Structures are given as structure tokens and as C-alpha cells.
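Structures follow.
You will see two complexes here that share chain A, one where it goes with chain B and one where it goes with chain C.
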Partner chain A sequence: MKRYVLTRILKSILSIFAVVSIVIVMIYTMIPSDKVFDNDAGAKKMKGDQLVTYKMRKLKELGYQDYASINEMCIATFGDNAKACSDGDEAARSQAVDKYASKGYAINTLKSGEPYAVHKYRWYELLGRFYSKLLVIDNVNAIKDEENPDLERKYYWGKNPYNGTPALLCSGCTYKYQLYFDGSFPFIHQNKFRLDFGTSFPTSQGVPTLQVINEGQGPNKKVEQNFETGLTEQSALIQTSCQYKFKTDHLDEKRFNDHYASCLSYHESPSMVQTSYTLGLIALVIAYAMGIPLGILMAQNKDKLVDKVGIAYINLLIAVPSLAFIFFMRSIGTLFGLPDKFPQLGFNDIRSYIMPVLILALLQTPSLMMWLRRYMIDQSNADYVKFARAKGLSQGEIFRSHILKNAIIPIVNGIPASIILCISGALITESAFAVPGMGKMLPDAIKTTNNNMVITLVFIFTTLSILSVLIGDILMTVVDPRISLTEKGGK
Partner chain B sequence: MTELNKDLFELQIADDSQSEHIASPQYSYWRSVFRKFFSSKLAIFMMVLSLLVILLSIFQPMFSGYNPNVTPNINRPEMKYIRPNSTYWFGTDDVGNSLFDAVWKGTGTSLFISFMATFITTTLGVIIGMWWGFSKRVDAVMIEVYNIVSNIPATLIAMILAYALGAGPWQLIFALSVTSWVSTAYFIRVQVMIIRDREYNLASRCLGTPTWKIITHNILPYLISVIMTSISRDVPSFISYEVFLSYIGVGLGQQHASLGRMIQQYSPYMTSTPYLFWIPVAISALISVSLYIVGQTLADASDPRTHMV
Partner chain C sequence: MSEDKKNLILSVKDLEVKFKVRDKVLTAIRRISMDFEEGKVVAIVGESGSGKSVFTKTFTGMLEINGTVTNGEIWFEGKDLAKIKNDKEWEQIRGKKIATVFQDPMTSLNPVKTIGDQISEVIIKHQGKSKAEAKKMAIEMMGRVGIREPEKRYNEYPFMYSGGMRQRIVIAIALACRPRILICDEPTTALDVTIQAQIIRLIKDLSQEYGFTTIYITHDLGVVANVADVVAVMYAGQIIEYGNVNEIFYDSRHPYTWGLLSSLPQLGEKGENLFAIRGTPPSLFEEIKGDAFAPRSNYALKIDYEQEPPFFKVSDTHFAKTWLMDPRAPKVEPPAAVRELHERMLALTSKGGIYGER
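After this line comes the complex of A and B, so read on.
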């Protein structure tokens, strides 16, 4: 079993990498890079050489290519003696250009006659660049600040400013709080290992993609808190998220004794992940609470009216495009005075949640009902059921305590997947109600060529779905000891 | 009481060939399928409905010559947003074109995409699934491929592919088929494995029947109902898929008329001119439901076990 799980995990990691690699290569090579500038307001104001230079720089920043202007070529070729070359010395310039050309760069010229070098990354270079900077391990030598040579380099124990529990702190790392505990999931938090997917562009420019997904939304929320200087004030800063700040101002000095002053803030509304998760989880509970009793009812009354109505409902929901169903339900909701857009009443009004949750739940019921009914009917012809009946058990008892226990096993297999995949949000439902959750993120990111965001989301979704399938399989062996994931001898 | 005489009798010759004849009712597979199918009134009604929709979506655009890029009435405000009436059955849209023409053109595109994707997926899936289920060597390789591929959220890949390849019907068909054939192949593999080692196939192999003949004569007929079930699920799901991809903006582009794109384009008009939004939605639901029911009934009817009277 252990060996099986281990190989399974290895294979899973392999498939995550395979998917992410394919997606990276696809979006960098198959989508024309000019599409990046379709939504860029900055590029629209420029023209001529300025535009070309801007585009080249931006594409370099976004990881499409390497680019060097003539000045950069000169500096790279001659080092400190680049002055003559930069000033326009023909011989020196051509030497610099030749050097770049021999490295495989394409040499183009601007309208002004100045040459520049461009190298489009090939697929293996794209992958190499992505994976080499993916995992960031924070260490005591991470910060190199020339203006602060006396920066101590050490780990030390302190405490979480919010609840007083012990925390591992660091001086010299990027993050001050390396390890700390609090009451929110997953209770133990660390900042030592981080995944770096780059920054978002063109929406939320410059913000790391993971932060876009995780950070709260809406205006800042101030809470009363104590700072290490002894100051107590209403502030939105999250002290456990603080990073090293190179230039501190007097406000920072009032709050902090050291340079760790660049912190995230508390927000009024939950983050995108949290929003999707809240909606999805409530919907899931409702779906199971509805689907399982209905499935049992259908199986108990096979070929009777209840069963026929149930089958009609299942077929209808499977056949009708979910888009049509969602919009239909939404307009029914408006008849009862419920908002047709989530932001109308916002996060703090329960009425915003009713329709999205109900729709999400209803969309999950048909397959749940269908499979439970199928499994229960299959089980009801088994010998143990006949035996139970011969012993004189009532129909209800047989269904509840004998058949259900066996029929629920395959359903159990799917539960982790449903729980974990709540995070990914329900795409259409969320966009129909304009819920600020994860569902809308991927199509929006794709449309705005927010490449780093697409890769981040693909990575997250793939990892989650692979993980959930694995947990589902393991859970199944726990519920039913007869099932073994490993093949035992013979064929 | 009459006497028994020879005239009352007729001489019968023992006919050996008669004893070879089996006196059971004539059974024809396809006749039974049709008898079973046409015994369902709902299925007949849905079939007529879906045939009507298919024919309309093929022939109506030929007569109307509708093209989403040609907008002769764009500068005539009186032609825009006309409510459905006797001249314009479905009203007119935001550029003054008849919605009736647009809807059938769009339905045609959506149906074309869905049928093509189903065709490619099923053909590939059945051929590869057969091979996969039959050969243990292929199985060893393919099951690993499947373990990797099945873990990937298919919607994700379809979305990215559809966007990366560009906005055209063929690109969309490619994106849809490339992500879905594996699951069809896997489905067929499991079915083939169930039947492969049945006694009649073992006997057939013992008698020296070539593998190809076993596949086409012994296994494929058994699979027809399974394949039909798969098709009846695929066609509506691809229509939904196209509608969904176009709705989120990564499917077909502006220059193509499709139901999904119309729904996406008119969803802001839901309160002001609801017919613009609801007619395409209703048509897409109508096609999906009717094709699904026809497919399901046909799948039931093509299962030989239901033919016993």
C-alpha cells in the first residue's frame, strides 16, 4: 500500500509537470505575442521607435524573449569601456552587434538606424526559465541591502503579535515570520518555501499572481493591534506577512524596530479563493443532503412514479445546457426579489448567496442521484439482500443498513474531489452572477493574455484535481477494506 | 359416422430438410431496433423536432444568405430591436438583422461543431479503445497515458487550446476532440475487456478465427448500444461545451454566428430586450434535450437484450 501510494504520488507529480509544461509551451508559442498589447493602455499612446522599444522590453519582462538595446549590447561586450561604443563608434558597435548575432540573436534596426538584438525563447528555454525560479527558499542571506550593512543574519524565536503563540522569526530573510500559528486554516503557516509564478499583467500589474488570488478584496479593514515598538493603533496591516522593506519611512519606524515593514493588509471582503470556497462548500452540503435521500427514494420505488419523475429530472438537467439552466434559475430568483448580480448586495447580505448556492447545488444533484440509484439497484439483487429479506427484515431496514452501506462506497470516492474542487469555483455560475471568485479568473486571464496567471491557475487546478482523486481512492479503501489498490499476484 | 377410407388421407413423405428448419419467428436486428424505437411516442416526437431543427439550420441560411458581418440596417434605428411579429418571427437584433436568420445560422454552426466533434471523438475512441482493450501490450502503455491525461481538467485544456489555436469552427472542433477522445477510448476499452474473454470468443479463437474477424463480428455488434449511449451523451454535451466556450469568450469569434456567441453577446440585453437573449437559449436547450432523448431511446433500442418480447 505504501509503495503504491508513493508511486502514485510520483506519477501525479509527473503529470502535473507534464500539464504545466504543455500549457507553458502552448501559451508562449501558439498565441501571437502581439495580443499582449491589445489591452495595454500604455502601448496605445506610443508610436514609432518608442512603441517598438516598449514592446520589446515588455515582452522580455513577460518572459517571451531576451532583448538588448545597443547600449546594453555595448555594456555586455566592453564592460567598463563601453563609452565609445555607446557614443556611436561604428567599429565598436559592429563588434558588439556581431557578438550578439553569433549567439543566435536576431539583429533588427529601429527607424532611427539604431540596431537592437532579440532572441525568442525556444520551448526548452521557456521551461528552463520557468522551473528554475519556481521554488523560492527563503534564507538568512536573502536580503542584500547596501544601505543596511549591519543587518543581523539569524533565526530567533519570538511570538505571534496577534495571539502570543511562539513563532520562528528571521532577520536577513525576505519574510520576517518564517513559521507561526493561528486559528485560521491550515493553522500552521510558513513563509520559508514559496512558489513564484511571476507577477500578473495587465490587470493587477506587478502583483504576484498568488497574492491576487489569496489577498482579500474591497477596501482595507482596520483592526486595533499592538506593534513591536509598543504602539497600539487602528491599522489594516497584517504583521505576520511583513517583508523586508529597503527604504523605510517615519510611519514604518513608528511601528517597527527593524526593516520588515512591507506588509499585506486586511480587507473588508474575503479573497477570491475564500469566496469560491464558501459558495462551493455550502452548495456541496446541500447537494449531498438532497441527492442522497432522493437517490435512495428512487431506488426504493423503482419503476414507480417517484422514480420516473426523478429520471425525467435527471435527464432534463443533463441535457439542458448548464448556461441555459443557470440563466433560467437566475430569472426565477429575480421574481422572488433576489439580486441577479452578487455585488448588488455584497458579501454581507445573505440574499446574495441564495441563488448561486442553490444553482450550484442543483447542478450537482443529477449525477449523484443517478449513480446512487444505479448502485443501489445493482446491489438489491445481491444474495445478502435476499438473505436479509428471508430473515424477515423490513424493506426500509434492508435499504438503510444493508444496501446503502455498499452502494455509498463509490460515492465516497468522489467526495474529496467535490470538496477540494470547490476552490476552482463554478465558472458559469460565478460569471453569470458576477461573483468575485476563482471561477471567473481563468477565462479572464486567458482573454487578457495574463500568462503568469493562466499558468498559476492551471498549476493549482491540476494539482488539486490529482490530489483529490488520490485521496478519494485512499478513502475508498478505508471505507471498504475489501478494496485493494495494489494488484495481488496472478491474472 | 363415415367409414374410414383411403380418400381421407394424404400421403406424406418424410422430409429431412424440414427438420433442419427452425420454427422460430424471424429475427432481424435492425427491424427490432426500429420497432423498439418507434414504440416510444416521446422519442418519435423528439426525433421529428430535432430533424426539423437540423433541416431548418441547413436550409434556412441558404435562402436567407445571413452573414453576421453584413449589416445593411446598421444606420437605421427603426430597424433595430423590433419585437417578434409576423414579419420578423424572432424580431431583429442590435444591428437590425432578423434574429430568425441569425438563430438558424448559429444553430447550424453549433450543430456542425457538435456533430463533427462527436464523430471524431467516437471514431478515434472506438478504434483506439478496441485496440487498447484487446492488446495487453498496448494496455500497459495506454493505461499510464490515461492515468496522466485523465487527471487533467479537460475544460482547462480545451479553453486554452481553443484560445491558442484561434477563433474558428475547425480549431474549436480540434480543441474539443483532442481533450475528449481518451475518455471514450477508455469507456470502450472496459467494455471490450468484459466481452473479450467470454466463452464464445474463446471458442471462436480456438476455431482459428482471426482477431480482426472476432472484433468486427463478435465484439462490435455487442458494442453498438454502448457506442450509441456514448454518442447520445456526447452530442448535447458538445453543444453545451460550444455554448459555454463561446460564452466565456474563448470559442468562436465575432465573424461566426453561433448560439454560444449570441447568448454571450445578448446577455446584457436580458432585461431590456429579453427575446434577443432567451430565443437562442431556448433553441440550444431544445436541441440538446431532443437529441439527448432520441439518442437515449436509440441506445436502449439497439441493446439486443431489450428485443425479447
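After this line comes the complex of A and C, so read on.
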């Protein structure tokens, strides 16, 4: 079992890499790179050489290509003696240009006559660059600040400023709080290992993609907190998230004794992930709480009125396009005074949640009911049911302790997936109610050619899908004694 | 049919069972009357579709949903089982008073419940014992049917058991509440030959120990010869011959019984062609006129096609439903294989083998 799970995890990781690699290669080689600037406000204001230079630089930043202006070529070629070259010495320039050309760079010329070198990355270079910087391990030598040569390099024990529990701190790392505990899931938090998917562009420019997904939304929320200098004030800063800041200002110095002053903030509203997850999870619980008893009831009363009404309900919900159903339900909601857009009452009003959750739940019930009913009816024709009847058990006892146990197995397999994949949000429902959740994230990222965001989301969704299948399989071994996870052949 | 009504445990009178199949009505059981004596082993034999299983299913109300008892009475413990309509009353009979063992032990047990649970749930249900008591009784029962180290195996699942072991568990479940009648619906068909003998032996031993009446449904006459006290031969929804085992094997009167006995593969001799009854059983969708076996019989008389024969008494315990028994009928000899049956059986049993234990 252990070995099996390990190999499964190994295979899972491989498949995640495979999927992500394919997506990266597709994005960088098959979509015209110029599309990146379609939604970029900065590019719209420029023209001529300025625009070309901007684009080249941006494409380099985004990982499409390597680019060198004539100045950079000079510096790379002559080092400290680059002055003549930069000032326009023809011989030196052509020497620098030749050097780049010989390295396989394409040499183009701006309208002003200045040459520049561009090298479009090939697919293996793209993958190499992506994976080499994917996993970031924070260490005491991570920060190189020339203006702060006395920066101590050490790990030390301190306290979580919010709850006083011990925390592992670091001086010289990117993050100050390396390991700390608090009351929010998953209770143990670390900043030692991070995945770096790059920054978002052109929306939320410069913000790491994971932060875009994870950070709270809406205005900052100030809470009273103590800083290490002894200062107590209303502040939105999250101290445990602080990173090294190269240039601290006097406000920072009032709060912090060291350079770790670049912190995330508390926000009024939860992040996109959290919003989607809250909605999805509540909906899921309701869906199962409704679907399973109803499915059982239908199977028990096969061909009777209850069953027929149930089948009509299932057919109706499957036949009606979900968009129509959502808008229909939404207008029913407004009859009861419920908002038809989530932001109308916002995050802090329970009425905002009722309709989206209800709709999400109802949309999941038909398939749940249908499959459970079907599995149970399948099982009720099995020989062991006949024998259970011959044993003198009542219909109810047979359903409860014999049939359900068998019929629920395939349902159980799907539960982890349903729970975990709530994260991905519900595109249509969230759009209809303008819920700021994850649902629209991937389509939006694709539309705006936010490459890093697309890759991030693909990575997250792939990982979660594979993980949920694995957990589903492990869960199966719990409910079905016949299944054991072993490498080859069962025991 | 037996005149003296001593120790009757189950008495069936004029039983008729009909099935609705696609708007047509099929008469599966055509007015059977039969008495079962307490403690005896009764074997019901006949080819597939003769109504053996349907007949016994009426004793526990286990007919398929499209089947109904349309006529007759089934008397058991002063109660007419044919009148029972709701499941609640049946639950007091099934498993508790009349238990059934089905053909395929591989599928009779719930694959995701432990063996122990499946035994003790009957005990809890019918005897109102606590869980701990039921467990104790179940373990005892498991030991009784020949499961070694039952305490250890109590929490195991059916898939960990072989077919023979599962059938032992099925028997343990069936007997857990000490039923008065055990119906064995082809209990050994799905098992291999050596296991068959063990299971038959086990049922026989337990029936002596617990004193229940056993009803075997089988088309294996070898099993019948080995265990039965009384044999009833069924054909097309009727019992056509009835008697104790020696009478049926060595003094049978009905041409169908002759056919069955002649086609016993165990009794076939090298070099001889094995006998087969020609034709197929009649359709039970239509009303059958006369003797149902007549079209397939080598001994059919003209009257067989016109009038249904009554039961003729051969001895106090032996009855046959054939016009050949009528004093006016021509005298016919049973086929050679049947005449020599005694010798062949003796030869077979003296050679040992699975039927030699009787």
C-alpha cells in the first residue's frame, strides 16, 4: 500500500509536469507574442522606437526571448571598457553586434538606426527556464543588499506577533517568518519553500500570480496590532507575511527594527479562492444532504410516485440548460428580496450567498440522485439481496445495511474530487451573480493572454485533480474491503 | 398424499402459481398437493423450468414480483402461508422458521460486509440477542459448519473465502436461528465435486443434529440417492411421481422418471450411448391437456393426449401420475438401464466415490 501510494504520487508528479510543459510550450510558441500587448494600457500610449523597445523588454521579462539593446551588447562585450562602444564607436559596436550574431541572436535595427539583438527561446529553453525557477527555497543568503552590508545571516526563534506561539524567524532570507502557527487552515504555515510562477501581466501587473489568487479583495482592513518596536496601532499589515525591503522609510522604521517591512495586507473581503471555495463547499454539502437521501428514497420506491416525481425532477434539471436554470432561479430569488448580484450586499451579508449556493447545490443533485438510484437498483437485483430476504430481513434493513453499503462505493470515490475541485469555482453561476471568485479566472486569463496566470491555474487545477483521484482511490479501500492498493495483483 | 397425517410439518394443497410475463399468463405450478413429514429429507427433482424452485419459493413468499399464488393452501404451524400478503408476517417465517440456501455461494454473501456481521444480523433480528451474544453464537455456528479458528475469521470478508467455505457460511446463516425447514436450492451446483460431497455431508449431519426437515431442489439424482428419504419428481409444474428413495430409484413407474434415471451420466456404461429425453418441455403459457409428458414419451397412450391422469397408488408411500398404472393399460417394461439400475448403483457405490457414502 505504502509503495503503491508512493509510486502513484511519483507518477502523478510526472503527469503534472507533462501537462504543464505542454501548456507552456503551446502558450509560448503557438500564440502570437504580440497578443500580450492587446490589453496592456502601457503599450497603447507608446509608439515608434519607444514601443518597440518596450515590447522587446517586456517580452524578455515575460520569458519569451532574450533581448539586448546596443548598450547592453557593449557592456556584455567590453565590460568596463564599454564607454567607447556605447558612445557610438562604429568598430566597437560592430564587434559587439557580431558577437551576439555569432551566438545565434537575430540583429534588428530601430528606426533611429540603433541595432538590437533578440533571441527567441526554443521550447526546451522555455521549459528549462520555467522549471529552474519554479521552486524557490528561501535561505539566509537570499538577500544581497549592498546598502546593508551588516545584515545578519541567521535563523532564530521568536514569537508569532498575533498569538504568541513560537515561530522560526530568519534574518537574511526573503521572508522573515519561516515557520509559524495560527488558527487558520492548515494551521502550520511556512515561507521556506515557495512556487514561483512569475508575475501577472497585463492585469494586476507585477503581482505574483499566486498572490493574485490568494490575496484578499476589497479595501484594506485595519486591525489593532503590536509591532516589534513596541508600537501599537490600527494597521492592515500582516506581519507574518513580511519580506525584505531594500529601501525602508520612516513609517517602516517606526514599526520594524529590521528591513522586513514589505508585507501583505488584511482585506475586507476574502480572496477569490476562498470565495469560490466557501460557496462551493456549502453547496456541495447541501447537494449531498439532499441527493443521497432522495436517491435512496427513489430506489426504495422504484416505479412508485416518489420515484416518478424524482425522475421528472432529474430530467428537468438535466434537460434545461444550466444558464436558463440559473437565471430562472435568480429571478425567483429576487421575488423573495434576494440580490441578483453578489456585490449588491457584499461579502458580509448572508443573503448574498443564498441563491448562488442554492443554485450550485441544485445543479449537482440530479446526477447524484440518478447515479445513486441506479447503483442501488443494480445492487437490489444481486443474489446477496435475495439471500438477505430469505434470511428474513425487512426491506428497510436490506436497503440500509446491505444495498447502500455496496451502492455508495462508486459515489464515495467521487467525493474527494467534488470537495477539492470546489476551488476551481463555478464559471456560469459566478458570472451570473458577479461573484468575485475563481470561476472566471482561467477564461479571463486566457482572454487577456495572462500567460503566467494560465500556467499557474493549469498547474493548480491539474495537481488538485490528480490529488483528488488519488484520495478517491484511497478512500475506496476504506469502504470496499475487496480493494487494496498494491503494486501488481492483489493479496 | 400419504394417508396417515402423523408429524406433518408442511402441507400443500392444490397449489397453483401464475406469472404475468409480457401480458401473457404463465402457469408455473399446476395444482400440486404434497405433505412434508418432520425430520425427513425430501428431494424435489426435475429438469430446468419444471417449477421446482417456484414451488419452494411459495413457502417463504419469495416469488418474483410478477408471480402470485392463485389457488391452494400451504399449511405450516397452523397457519396458511398462501394467505400471507405483507412482508412483516413473512419476516417471522423467513430465516426464522424456514431458511433457504441458494445455488451460488459466490454471490449469496454481501461482498462488503464481514462474514460475522452477516451471521449475527439474523440472530439479532430473529432472536433479539445483543450484539455480543449474537457474536458468540455466530462464532459457535461457524465452528459447527467446519470453519477453523472462527474467532479469527469472524471479521473477514467473503472474498477471502473459497466457494466451499462460503457455502458453509451460507449454511451457518441459514441455520443460525434453528429453522424447522431448510430449503436447499441446488446447494452444490456451483461447487466442484469433492466440495459437493462435503457440503452434502455437512447438511445431512446438521439435519440429524438439529432435527430440521430438509427440502433439496436438484437435478442431480446422485445427490438424491445419497441423502433423500423421499423423492418427488416434478414435470411441467406438477409432481408426477412421489415415493421414498428406494421406490423411486428401483421401482419407478412414470416414463419421465425412467427417462431421468436412464440419463444419469454416472450410471452410463462405457461404449453405450447415454440416453437423452427427446424434445422439450411444453409451453406453460398454454393450457396443457392430458399428460404433459406424453409428446416426449416413448410409452404414450391415446388417453394421455386427452385426459390428465390421476395419482395411482403403488404402495403406501409411492404414487405415480401416469395412465400406465391404470389396470386397463397395456403392460410395459421400463427401459433396460432402469431395470439394471440396482446392479449399476451397487457397482458404482462399491467402487467408492462421492455417492458411496450412503
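Everything below uses one rule, namely that the second predicted complex is superposed on the first by the 482 of 491 C-alpha atoms of A that agree within 3 Å, B and C clash if a C-alpha of one lies under 4 Å from a C-alpha of the other, contacts with A are read in each partner's own complex, and residues count from 1 in each chain.
Keep this in mind: a residue touches a chain if its C-beta (ideal position, glycine included) is under 8 Å from a C-beta of that chain, and two chains touch if they have at least 3 such contacts.
Since this is a predicted model, take the numbers as computed values, not measurements.
Superposition note: with chain A as the common reference, chain B and chain C can be accommodated side by side. Chain A is touched at more residues by one of its partners, and among chain B and chain C that partner is B.
Contact with chain B, but none with chain C, is seen for A:A18 once the two complexes are overlaid on the shared chain.
In the superposed pair of complexes, A:L6 makes contact with neither chain B nor chain C.
Once the two complexes are laid over each other on the shared chain, residue contacts for A:A312 go to neither chain B nor chain C.
Contacts of A:L231 after superposition: neither chain B nor chain C is touched. Applying the stated contact rule after C-alpha superposition, one finds that A:F327 touches chain B and leaves chain C untouched. Angle at the C-alpha centre of chain A formed with the centres of chain B and chain C, after superposition on chain A: 50°, rounded to the nearest 10.
Of the two partner chains, chain C is the only one that A:K391 touches; chain B does not reach it. Minimum C-alpha separation, chain B to chain C, in the superposed model: 6 Å. Remark: chain A residues 382-384, 386-395, 397, 401-402, 405-406, 409, 479-482 touch chain C in the complex. Taken together, the chain C residues at the contact with chain A in this complex read 60, 62, 87-88, 90-96, 99-100, 102, 104, 107-114, 121-122, 125-126, 157, 159, 170, 173-174, 177.
Here chain A touches chain B in the complex through residues 11-12, 14-15, 18-19, 23, 26-27, 30-31, 315-316, 318-324, 327-328, 331, 424, 427-428, 431, 442-443, 446-447, 454, 458, 461-462, 465-466, 469, going by the rule given at the top.
On the chain B side of its complex with chain A, the touching residues are 144, 147-149, 151-153, 155-157, 159-161, 163-165, 233, 236, 239-240, 243-244, 247-250, 260, 263, 267, 270, 277, 281-282, 284-285, 288-289, 291-293, 296.
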